[in-house]
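Shared between the two complexes below is chain A, which pairs with chain B and chain C, respectively.
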Partner chain A sequence: MPDLRIDAIINGRKVSRTAKPWQRLIDFLREDLHLTGTKEGCGAGECGTCSVFVDGVLVKSCLMPVAKAQGARIDTVESLGRNELSVLQKAFHKAGASQCGYCIPGMVMAATSALRANPFADREEIKERLGGNVCRCTGYQKIVDAVELARDVVNGRISATALEEEETADGRFIGANVRRLDAPSKVSGALKYAGDMVMANMLHVQVLRSPHAHARIVSLDISEAAAMDGVEAVITSEDVPGVDGFGVFVHDQPVMARGKVRYVGEAVAAVAAEDVVTARRALAKIKVVYEPLPAVFSVEEALRPGAPVLHDYAPDNVTKHIPVRVGDVARGFAESDLIVEQVYETQAVEHAYLEPEAGLAHVDADGVVTIQSPSQNITHHRHMLARILALPINKVRMIMSPVGGGFGGKEDMIYQGMLAILAIKTRRPVRLVFTREESIASTAKRHPSKTTLKMGLTLDGRIRAVEFNMVCDGGAYGLSTEGVMRKAAILGAGPYNIPNLKMDTYGIYTNNTPSGAFRSFGALQAQFATESHLDICAERLGIDPFEIRRINAMRPGSKTHTKQPLKSASLLAALKAVAQASGWEKGPPTSRGEARRDLGGPGNRPSCTLGSRIDGAPGQARDEVA
Partner chain B sequence: MARKRGRGMAAGWYGIARTATVDRAGAWAEIDDGGTVKIMTGVTEIGEGILTVLAQIAAEEIGVTPQDVTIGDNDTARVPEAAHAGATRMTYMIGNAVALASRDARERLVAVLAAHWEVAADNIVTANGIARVEGANQHMSMAEAVHLCKSRGVVPVGSASFGTDTTGLDPVDGSGRPWQAYVFGCQVAEVEVDTVTGEVQVLGVWAAHDVGRAVNPKGVEGQIEGAVVQALGQALMEDYKLDGGHTTTPGFAKYILPTALDVPQVNSVIIEDPDPIGPLGVKGIGEPAMVPTIPAVMNAIYDAVGVRITSLPATPEKILEALRAKTNAKASVAAE
Partner chain C sequence: MLTCDEYLTPTSLDEAFAAMAAHRGRHRLIAGGTDILPWAREGRAGDVDVPVLIDITRISELTERKVAAGRVRVGAATPIQRFLDDKAIATAMPCMPRCAIWFADDQIREQATIGGNLANASPAADGVPPLLAHAAGVELASKRDGRLMRRLLPLNKFILGSGKTALADDEIMIAIECDALPGYGGSFEKVGHRRSLVISVVCLAGLVKLDASRRRFEDVRLALGGVCPVPQRLTEVENFLRGAAIDSGRLERAAAMPLDFVQSRTRREYRREVVHGFVMRGLINALRRAGADADVLKPELEAAYA
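Let's look at the complex of A and B:
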């Protein structure tokens, strides 16, 4: 197909350029014009990070073919607040509305559009108008606060001084609401994440991934792909110069599959080419013959005697077992008046940081292999990579680029190894940017868990014994499983004095997507069980849920389940504070529901009648708002 | 009424910094020309606001403003190691390391000033870009103070390392000191359950969390709000599904995330129970804020409609099924 000619007004300037017919508007803006304030979070119209104005209308630029830009007036986030941040951008800064910042340019565009549509929009209408933009960090509250602040400043309801830094008394900055120093770079789209960075003469990397959950690689032929025009290098596990293995605790994962694949989405080979399209075409020319192996898709299957084994070092498929023991649970249960047993299950969860994985690698003039990526652990990555590359540690340099959301998901070194090897091989800078689908399929999830919890208490609500057994699906590789099991074991029984405890957590290998680090790291799954369980017990004993926790609460000087004396413990203060703040009406958790008198207070948002206002009848909506 | 409201609560605890291993962080500080400050340490923003937090700490410790502080990029070849970005360790480990490094640099500068003014170092106050003698009128800007240091052949630099006194766990009974700082929190959730559609709306969350000492209260709130909403996603909608190892939720069209329309009003209460060990008293908030939300919501659903969801997420289908099972159970009891 011939190139397209695009004449458009972009951010107020006339642009005349050629474009490839397959390009989307987002590609044209980011790759050709280097307007990288427009981010690609999903490429499918689902997240809003790519929002721009086309002839004044908010559009998701990942859904628009570049051909449609012909003759259009396009404004990106870079058009806002050129010399000075716009009121809305300043309001985002003041309200603390940006965290990782990756959603923020799109959010600023959507909010600009919202206030243009209705400069008097109320909080609920603002939320509806931002409904197409996902933010994984902020919980939206401060974003909506920011839009309300901007609305009020623009309408003259409050003074513009409300956007300025608060006065701080005499240099006491610890404890002050200092505006985030990185916010201007985020609200303006100026901040460069790894996928926004370019280097001269840079190659583009694509990764061939396993279509099988468990298979032996019978043969892997890269010759045709490597011979293609525009392809600079194709690598497989044979190109790993040093000791091939990484992981947060056990180094059980090769840079690319070695001999067999263990999950769908595992890297098998990687290509560096002049452009992404050529690299993708080359992937299709790599010939892999797989011999499928029996696979295990649940912990039950993986633990069955004679089950297929994922890793030779763990013939029972157990990645890690962590025990914690206190006292004698048999005696504790014997002393109990009430014993409750229940099973709790949690699912696999995707981190869904808005910034998909990306990295840029090059070999510098001194032969130092340099990698920029949003890695949450460059310290450990450098150690592992030096071993993988068989280089002295100071010949490997890791730079942590701004992270567009991590939540633990960027602690694993799942792609930096391939980038390093390709940079060494090609002696050119190489860049890899994951698609959303690739990110979801190939990176770690929160451990799914199954917990059997048995608790014994006396009639006065004192816990006498807990038996806690948690089994987690760790997926195909170890990653952070060991640490997650440890944290779950230490914290899972909750901040309560439990004289007799038998706690076991197990991480199990399966052929599922690997599980790894995720904000709250095992403690979340385990305490979900314990905190649900305490309510069940409180109901049976007729005790208020705050009270049962107070009765058992660890206090300063209490010993933790790992027998560590606590120097300080603030649980009682937290219980008291939240009971007060919420105006909690005392009573056992007997499904009181509508009989309660503490419902519907000022700390709630209105209950939602989704989309009925701006989609249905906008005129009517205004009335309802007013 | 098809929509029924209820409330639930849950508590939680968490350990600060790396688990059951010795944690450590290093930092360098330089009081630079013009009364600005350079901080070098292994940190990059992952969204939590750490750069601002460190700038606030360095500014207060040295006596400049946060806007005067520049923090170097996290680069294994250029800055001292501060380990990793996670484990709710940034403010605790790196904040304390930066405070100590800042004090070290300030001490160098103040020694020169003390000799210049012929007063004891203890009498010198540095704040907001001004160095002065307490109770006297000698003063100069921090820019002048740096200039003075350099004219005496002194570059006011400092360095520090902050480490933890922690141990691994005993392999048999798990005993050990996995952390030196612990935080506690508690949340109440108010929900509305639609008994016809099974849909759960979380309308309000009250969240009280101990952070030791809040360096930036608005930043702490931001962490709590974000954590509550992430937990809500897991509580009610998010579900990464596989079929024979292949995901059936490959994109955001299938993998549903909370939007602005799904979120409750989050009412944060910050509790400050200072860490008795570190120089600043700070602890952390990133992960602990997520712990009580899910059980609080499940307890609230039980309060509203009398069904207990023990398998996440509490989708409308699961709620309806549980409601049906409850009705059937009642009916069969009635029939007996």
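Let's look at the complex of A and C:
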């Protein structure tokens, strides 16, 4: 394998090194030169976190073989603002454009490229030029605001003082525009996420995953993989020293599949090797014989009598049932003038945080197993790890590395156990960085749901009774399902006074990818049903959809469905603000035509177009400045 | 991931052919790399080991561009971005800048090459419909018995099916040649799930030339991608319009002509509807850009489609 010779100017410095012929530019920058401001969010050119300048032109370094860098001048995010943040970086700081920060170095690079190409780019052109970069936190508005702010400062349209912190009146921060303290570390690319961290003598971990949704592991032979040069350790469930089980509410998930696999993507074995390529080649040498078992892929299949059972402790495949009862629904329906019943379904959703899961573990000098990972629940992870590793709690340390987007998806402890076991076994630091595909295949999703909702109302729009039955696909393991079902049951009927309520939420085991925590934690699915239903009821009753919500709104003094007295309630104020901001045309849903009257008017976005660079009048913006 | 034992970067055709001969059966050509790297990942080809990768982007003939004597010649390793920012090419190929702006994103346009887009032969390749509309040919070269052989294949004879081309194992795509069509109005319409970095569900390239009166079609060229294994010219629609007076009714009849080659396995009805809208919009946009008088079409037609 003849190595390549790479002579390049990187961030203004001459670099002469060898590289592996298969390396991509991103590997060379991150692994060999430790320039980790360049991130890998997808490895497939889809997300833009790896954007760098090659001979002054912005490219995606995950799509560029390193051989193409021979003789080139390369500038990474580390080349910007070396002594002082660049105007763009300051503008990102000021505008609050960075949240988790993982997309931000790429965004700063794309914005730098955009303003170099056209220092007068208007908002539409900026959006176009940033089209190759994905962000999951901000909704993009603040990022585009930041680029516009930087453009105007650079062009002298506004003073550079606009980049400075605004003074807060009398030291009051509520309602003030405050800059985030951690933004400079993010806009500069200096912040180290778990996948950016290295330790001396570190090994690289890769995970063998199940190709079956439900199968018994007949045999698992790691001998050939373990004997390979460069492989330090191969582990399976047999290597778990303590009680093998984790989960937020029920400890039903083994660190690696034990006896059987329950979903496609479940960890079966893990390899620690000198480099990622060797680790991946070792995975191919692990011999697993599976005996496929009947599987269930929907809640209906899982609840059918005689359905395949996933976990022995739950022979009915029910992970959790949460009931809430208020009043008497039979009486409530009898008092109703209108009864509407509908079924609502929602699908699985991937969190798609820009930072794929990653972790670094080592055993320190005092024998403390230390794991750094972007975990949203480190104390709980620590407790579970102590049990799994059969160690006293003071011998386990969890450090929360910066979370490059979580949205609930990093609450569940999917891989930290494997890292801890490998660190103990090899007595060397070990690091695992998920690929994007692995992240999508193996980690939790939003619960798919099916809700049957029956509501009884009087002709004047007052809700008299609600019967709400929501069944959620929790996938193969419990994770946060119980909490998600509880939250759905508590909040799902909405902030409305309902005198008679029968609410049931169920989490069900299936052989699908496990479902877990995701922003709003079950309330979203339930409220999608409730709010959609209220619109339908408003239509049937000829009442304005805002009005039907006002009629039933909880007010200060109301009690929630779980008997919590409310000292304050802001629904009426929120409804007023939304009606105003949306330019709501009053009246029942049937009173409007098929299109909004203000379509294409001020405050409405035009439909998707491209080509402002071709069709726009480039002279216009410049004239304005002159 | 994609691994290899050797990565070669020849700087001349001779060197490239020598490397191909030395590693016959163990090599793959690589240009921009923007298709092959995502291909060698989980869920697609998985981990792929190619013993020898031969990078052809530093062969100077493959990046040359020339507009002369009514012809355009573009090296196969030309990045897509050049169709957007090279004025001479953009003038001679009026629908290409509009295709380029929809192609992937700003970064990938600097990396992906036009030759790679053709050689990859995706049914949804954005580069193919405009080149079909330009009646492009593809120049392929090989070295057989020590002699450099070149052949020029019409693009529709080069792409044989989804992922299939006429490129032989010992051949390199050198350049794309086509008629220069300055004075034509060009359009490119595309729809996918989002604006950037998206595979076309349907895309359409349009070229229109007006006669001296500016009220009659002198030439019309339309090509469609994303709806059948190989992008296609809409020959019947073109013939129906060529030489005809520009008129709203005729445009509507043209767009209503049966398009039985919409063969996609999924969302066929949706695609048919989009094709109808795109024929209208593509023609209207190309007409405007060709300089048609503002009053040749009913204003409501333009409002509805363009």
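Quick note on the criterion: the second predicted complex is superposed on the first by the 586 of 626 C-alpha atoms of A that agree within 3 Å, B and C clash if a C-alpha of one lies under 4 Å from a C-alpha of the other, contacts with A are read in each partner's own complex, and residues count from 1 in each chain.
In this text, contacts are C-beta pairs under 8 Å (C-beta built on N, C-alpha and C of every residue); 3 or more make two chains touch, one makes a residue touch a chain.
Bear in mind that the values here come from a model prediction, so they are computed numbers and not experimental data.
Student: Regarding the shared-chain residue A:Pro2, is it in contact with chain B (first), chain C (second), both, or neither?
Tutor: In the superposition, A:Pro2 contacts chain C only.
Student: Examine A:Leu63 and indicate which partner it touches, taking first as chain B and second as chain C; both and neither are also allowed.
Tutor: Only chain C is touched by A:Leu63; chain B is not.
Student: For A:Arg397, is the partner it touches chain B (first), chain C (second), both, or none of the two (neither)?
Tutor: first
Student: Determine, under the contact definition given at the top, whether A:Ile158 touches first (chain B), second (chain C), both, or neither.
Tutor: Touch partners of A:Ile158: none, neither chain B nor chain C.
Student: Contacts for A:Glu46 in the overlay, against chain B (first) and chain C (second): which applies, first, second, both or neither?
Tutor: both
Student: For A:Gly131, decide between first (touching chain B), second (touching chain C), both and neither.
Tutor: both
Student: Would you sort A:Val243 into first (chain B), second (chain C), both or neither based on which partner it touches?
Tutor: A:Val243 sits against neither chain B nor chain C.
Student: Scan A:Glu437 for contacts with chain B and chain C and give back first, second, both or neither.
Tutor: Both chain B and chain C are touched by A:Glu437.
Student: If I apply the document's touch criterion, which positions on chain A are contacted by chain B in one structure and by chain C in the other?
Tutor: Correct list for chain A: 44, 46, 128, 131-132, 437, 441, 608, 610.
Student: Taking the touch rule as given, give the residues of chain C at its contact with chain A in the complex, in rising order.
Tutor: By the definition above, chain C touches chain A via 1-7, 9, 30, 32-34, 37-38, 41-43, 47, 53, 55, 57, 84, 97-98, 101-102, 104-108, 110-111, 195-197.
Student: Okay, in this complex, where on chain A does chain C touch?
Tutor: Per the stated touch rule, the residues are 1-2, 4, 21-22, 24, 43-46, 48, 51, 57-60, 62-65, 67-68, 70, 110, 113-114, 128-129, 131-132, 276-277, 280, 284, 435, 437-438, 441, 608, 610-611, 613-614.
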